[in-house]
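So that you can tell them apart, the chains are marked A, B, C, D, E and F in the order they are listed, and the count of residues begins at 1 in each.
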Amino acid sequence: MAIRSKALLAALALGSLAFAEAPRLSGADTAWMLISTALVLLMTPGLAFFYGGLVRAKSALNTMMMSFAALGFVGITWALIGYSLALSPGGSKFIGDLSLALLHNVGLENKGSVVDSILTIPHLLYMAFQMTFCIITAALISGAVIDRMRFPAYLLFITVWSFTVYAVMAKMVWGGGFLAQLGAWDFAGGTVVHINAGVAALVAALVLGPRKDFGRQALLPHNVPFALLGAALLWFGWFGFNGGSALAANSIGSLAFVNTMLAPMATLVVWALLDLTRTGKVTAVGAATGIVVGLVAITPAAGFISPGFAIVLGAIAAFPSYFVLLWRARSKLDDSLDVFAGHGVGGITGAILTGVFAQKSVNGVFDGLVAGNLNQVLVQALAAGTAVLVSGLGTFLLLKLVSLLTPLKATTKEEATGMDVTQHGEEAYTSGEGAILVADLPQTALKPKPQAGD
Amino acid sequence: MAIRSKALLAALALGSLAFAEAPRLSGADTAWMLISTALVLLMTPGLAFFYGGLVRAKSALNTMMMSFAALGFVGITWALIGYSLALSPGGSKFIGDLSLALLHNVGLENKGSVVDSILTIPHLLYMAFQMTFCIITAALISGAVIDRMRFPAYLLFITVWSFTVYAVMAKMVWGGGFLAQLGAWDFAGGTVVHINAGVAALVAALVLGPRKDFGRQALLPHNVPFALLGAALLWFGWFGFNGGSALAANSIGSLAFVNTMLAPMATLVVWALLDLTRTGKVTAVGAATGIVVGLVAITPAAGFISPGFAIVLGAIAAFPSYFVLLWRARSKLDDSLDVFAGHGVGGITGAILTGVFAQKSVNGVFDGLVAGNLNQVLVQALAAGTAVLVSGLGTFLLLKLVSLLTPLKATTKEEATGMDVTQHGEEAYTSGEGAILVADLPQTALKPKPQAGD
Amino acid sequence: MAIRSKALLAALALGSLAFAEAPRLSGADTAWMLISTALVLLMTPGLAFFYGGLVRAKSALNTMMMSFAALGFVGITWALIGYSLALSPGGSKFIGDLSLALLHNVGLENKGSVVDSILTIPHLLYMAFQMTFCIITAALISGAVIDRMRFPAYLLFITVWSFTVYAVMAKMVWGGGFLAQLGAWDFAGGTVVHINAGVAALVAALVLGPRKDFGRQALLPHNVPFALLGAALLWFGWFGFNGGSALAANSIGSLAFVNTMLAPMATLVVWALLDLTRTGKVTAVGAATGIVVGLVAITPAAGFISPGFAIVLGAIAAFPSYFVLLWRARSKLDDSLDVFAGHGVGGITGAILTGVFAQKSVNGVFDGLVAGNLNQVLVQALAAGTAVLVSGLGTFLLLKLVSLLTPLKATTKEEATGMDVTQHGEEAYTSGEGAILVADLPQTALKPKPQAGD
Amino acid sequence: MKLVVAIVRPEKINEVLEALFKAEVRGLSISRVQGHGGETDEVQTYRGTTVKMELHEKVRLEIGVSDSFVGPTVRAIMAAAHTGEVGDGKIFVLPVEKVYRIRTGEEDTAAVTPVL
Amino acid sequence: MKLVVAIVRPEKINEVLEALFKAEVRGLSISRVQGHGGETDEVQTYRGTTVKMELHEKVRLEIGVSDSFVGPTVRAIMAAAHTGEVGDGKIFVLPVEKVYRIRTGEEDTAAVTPVL
Amino acid sequence: MKLVVAIVRPEKINEVLEALFKAEVRGLSISRVQGHGGETDEVQTYRGTTVKMELHEKVRLEIGVSDSFVGPTVRAIMAAAHTGEVGDGKIFVLPVEKVYRIRTGEEDTAAVTPVL
């Protein structure tokens, strides 16, 4: 089944025959995958700043912590069980088995993975690379629930979500499961990561309901430079995300890499021009958003389409997200940081355009509409639809389940005080005035100076 | 003509014979160039923070956007036409032809580039690597015009500048053009990038004229930590900029890389000591500036001189920039962020010192003054002079041209209000107080609460 | 003696025989070590933000500059003399000789280093990689003395410390010296970097004494997002720190890399749960701290233990640091940013657990307690103890020496005003109000407007 | 002439502004302050350091009004800033001897009557 | 004794300070405030959210002066802060009952007479 | 009713607060201000630009008190904020005509008497 895996695909694309016998470990591929893994890991802190800059100061830490916490809770869960359920060679068309649980059989040789037929790096490194995808997918959801979801409930939610909803999606697409067999292609995670996160975010926003101030007060970004920094780190990390999805430092990796430069550039340009025509001003928040949308849209197509089409895809992708975003802000839907408009809509656009612009002459594996294969578009759409259903339903049930164990939403009083103080007992920016050291400190702390009293 | 290209040079430096027949794709070189390209791309956001931290809060976004916008507008322009005009094998000694326009003939094989004779990575990746150079060069100019140049005029300017002035400079030096034939060497862009940007900035500052507050009020950095962050990201990215300019993970690449560590370290030390002796205090803004100046100066020499001389070069390079910078602040010239003092002067210093410290025993290709070849110094100076002329003249004409289409400068009233609000309709840091959601929002938005009215 | 070096070890671990004859330069290893070196260099700016975010705004620049300055002063010192004293093949069991001083004999071939037997990259690059370790070790100490140590005294201190205390530690462990011969293992610097820096910090805090406000006022973080950014950059860079310590893009490098992901994730989870049980809230500062502690603890073990044990090690490592940190804040010890609790305690924990979890079946070289070799635990403990003595004594003497030349501590008045203003003549965040340009500026500067006077 | 100084909750400021504008009070200045009163202090922890935050974020309004406007101004604030929970804030009415509008030099009532 | 409270444009503050120092007024405190008055509001857009910014950045000066200094102080501010455009700001003169200099315990006039 | 406005050193604010609470003064608001007085200006340099910083960080307290509390309040501040160095700050006592507690509508003394 692994035959559908993005990795093998990348290999096939090279038309290499070498893969008759098992591939050997490659230093060059290992070097590239080491750095790619580091790059994708960096995306989650990048997301923390992208999101954190867009919220009010009193929820900045809460927003950032939702991403940082995923690095710990989702990461460890992936190592213990998530990886096995998502990408073990065995299992069903929808979920893996436990053969790789607790990193059992995940060694330093290029053996035992679902992509063995083309794996040229240690299996352990492949597991780690995939881990970073699971982490950021879970963290992406937080953009819809920041500023009101109780932190313990959030931790429980993403932890379980990562080895259920995410594992199923990964198995179906990359584990040689249902969608892979269907003939759907997803180079680096348009379906598994972005549609999945976008839809989960939409559902979570609906289940939690809006913040008390939503629609009545302007909830403005407290630090736009942080959002720009986040977008920059996301872009930087995305080179590992897409470029690394070839699992090798080869031509397909290079193609995916360069398309990951070109598409968001085009989206950025179109987004800026849309801003300019609509309001007469090019906004910075818009630029940051445009970059991310372009990155989302190229993800499923990165290794499949020509650079020229990547520019076109990036340009087209600006429109649906731009207008859904405008609509959303006027709606009653408090998907606070527009995860659905950005990742859900952007992911669907990308998934379908992959079916449009793919060319066997480029990727060596399959043709899209431009090469006369209309069918691929339908398959891609079907896959996107399936993802919407699976993710939406799974997320809904899981949130309901969690709500039985612990309340999901903070009280309006806590919201008013600010989530940083109420959920984390900290403020992002403190001056220290009026902060009195409490009693369990050395006595001197209580009476700043002998004579201070009188 | 490509024989003069920095890439070939790097190759020759290895004294390799393999280049009789066409080189093969190398996974190791591809891995290194993939990450190098990502690193150089990251420099532009780094520049956004370096510049953005040094301006007043009310222009922070405007300053950052001038860099981010280059990522889109210059990047796409490069793909469509800039690359072909700059680095197509054909064309004249001053400008390329259109044979590579629209990425035509820019494929996944190591064929069709101006550096074919030594290219071991996909041509497409080479194009992308060069793209990142063009982007940051254009963005560098913005430091001279922030806080007063109308944003639409800026967008038009850098877009055209990138496929005219930059393309000509690149062709002359790296495209086997005029300066290459002259025997001038520029390893990674001292001439093409830094002298070019520095002089363009000087001209732009003169054409636009100073900000209304310049020389009357202290215009201080609103966020020095951002400037330090920017300097750090620039340094980090510069390893790809210089190290990657060998186009291979080889000894010359390593030499260029290590020199990119040593030179700015020396500049930083000297700069700190200059600060200490002059004012008794080592400044943080000075440290950030010193690092960048050292990076600029080593750029043309990185792969040509020994590590020992790199330290010397870095130490020397501190002086001219340090004092030009002092003079500038007291002058009437509002090169707001000292692009000329940093990149222009630093670039010229580096270009000439390249002619001084180069050794065939190190780079395998040419000798400088220290090896008894005085002539090389003159050639380097001549090349620098040519760059000053071409860049200065080209930039001047282009700005005049743009000014015919749209005013270059914001009104003093707009300046007083702040460029973020007037050009982008945003503020970098908002608290949300007194921000009223406007009418096209759900009714609830207008009356925060039923009873709020009375 | 080099036989004990971490590098050779990594090689042996491959069970390769190739090392009978001298190894050849490898493009793949060079690519990986180039990026690893860049990553470790980035850690020092990362540290600047981790530390800088945790201090009060009035000392933010001072804190950041203590790291940035190390990039210059320690870096250049290393190139001139430090490297030779630390890692020249010759010399005694405690200090190297001057054979590699001034980068003499440090060339582009893989010759002349202490790890020649397995070196597959240019010697110059190996020197640069090691340089980045020395820089961050010195910078780490600053966390104990920020907010009160005079900057010139600090510069003098770290410069000399780097080629004395650090050089001795490096020689003993990695230069085939005393501890290497003893049979102690330190994969990437638990002893040389973290125990060393942690103990030096403890001593420095004691020698300088506390800040005047310590224990009387709450000294709170002025910018927690900066601390999170710093932790993220540290983690990102740490992949080069540990992964690069294999000196090759091979299986051991991959193992070290993946363990560098897993261990801090486990520490982060445990730290969050400790916070949750103790105060009912998961703190952001705690998350950042937990990540760093986990990274410290895995450092000596990264290439020696299985991924499963890496998770266990990370989880265990949270406890000692967490509670030492609690105790410290209530004590009279002003180790301001808990360098000892984080790096000292974390380093000792890691060093000893390396002796517990190491398995020859994994690292190919030696067994720990879990494989029945109790002795290794004792050796590791002995090595840690030696490091504590050497570092503590050396640092103490050096500080006393420096204090003879120039006062170590700022006056309480300077402390009250803030170190940024008094040591650097700058403020991190300025609004420009009431800042009057001084006389040596153009006349216009003095009278903002003709009519402004009356 | 009077100067009305009011301390209100930050989350209430926009409602207060609307109420004032409805009451034809258009000239005012606000600033962020931190206040102490009957509110219960929150505890915060930074690494080992536990602190009691004795100050809470508030917004201070400063409104110069002619005597006839004091009543409407106070009532508007009272209504819009009220939650009933401890921490709603205070209003102080101070006497003013003279007011000038810098742009025109107008004085007193004229100085605070909005330009139309 | 009087307390002069003035609201001026941020871009004018340095000129105002110079004018005050020229007028021998050396003791003062300033703070950033946001003001509403006759200024036209700017519109800002953040993603889909469009807002009207009803407050503008201003600087507030607080100057305690002895009666004889009120005139010069007001005149200095008036002159230096003036642009003629809507938004120049206001000056309020408030009565003060007592002034203390913390360092010396000096009161009233003595408390605000600069140390030489 | 009086409004006590005090300007003190930032590094002294926590001591001042403690002293006030000891004196049963529990209702107050503080804000960051920048002040100019007799302090010597520091010089700062940013690249080539050298500036004289004429303003120093201070904290402003605003305390509404009933007449009987004016004395204790002033004394508490005087004692706790004092260092004897130039720059300790000032205290101004202003008359207040009316005080309201927004939560309850209580007026004057009742409005500033802490809730227990």
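In this text, contacts are C-beta pairs under 8 Å (C-beta built on N, C-alpha and C of every residue); 3 or more make two chains touch, one makes a residue touch a chain.
Every value quoted in this text rests on a predicted model; they were computed, and no experiment measured them.
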item	value
Intersection of contact partners for chain A and chain F	B, C, D, E
Residue-number overlap at the chain D/chain E interface, same or different (half cut)	different
Centroid spacing, where centroids are CA-atom means, of chain B and chain F in whole angstrom	50
Centroid spacing, where centroids are CA-atom means, of chain A and chain B in whole angstrom	31
Separation of mean Cα positions, chain E and chain C [Å, integer]	49
CA centroid of chain E to CA centroid of chain F, Å	17
Residues of chain F whose C-beta touches two or more other chains	14, 17, 30-32, 34, 36, 45-46, 49, 51, 54-55, 94-95
Two or more partner chains touched - positions in chain C	26-28, 31-32, 35, 217-221, 223, 229, 279, 281, 283, 285, 329-330, 425-427, 431, 433-437, 440-441, 448-449
Contact graph of the chains (line, ring, star, complete, other)	complete
Touching residues on chain C, where the partner in the complex is chain E	431, 433-436, 448-449, 451-454
Parts of chain E lying in touch with chain B, wherever the complex brings them together	9, 11, 14, 34, 36, 42-46, 49-55
Interface residues, chain B side, partner chain E - complex	213, 217-218, 416-417, 421, 425-427, 433-438, 440-441
Complex interface listing, chain E residues touching chain A	45-49, 51
Residues of chain D defined as touching chain E within the complex	3, 17, 26-31, 62, 64, 94-103, 105, 111-112, 114-115
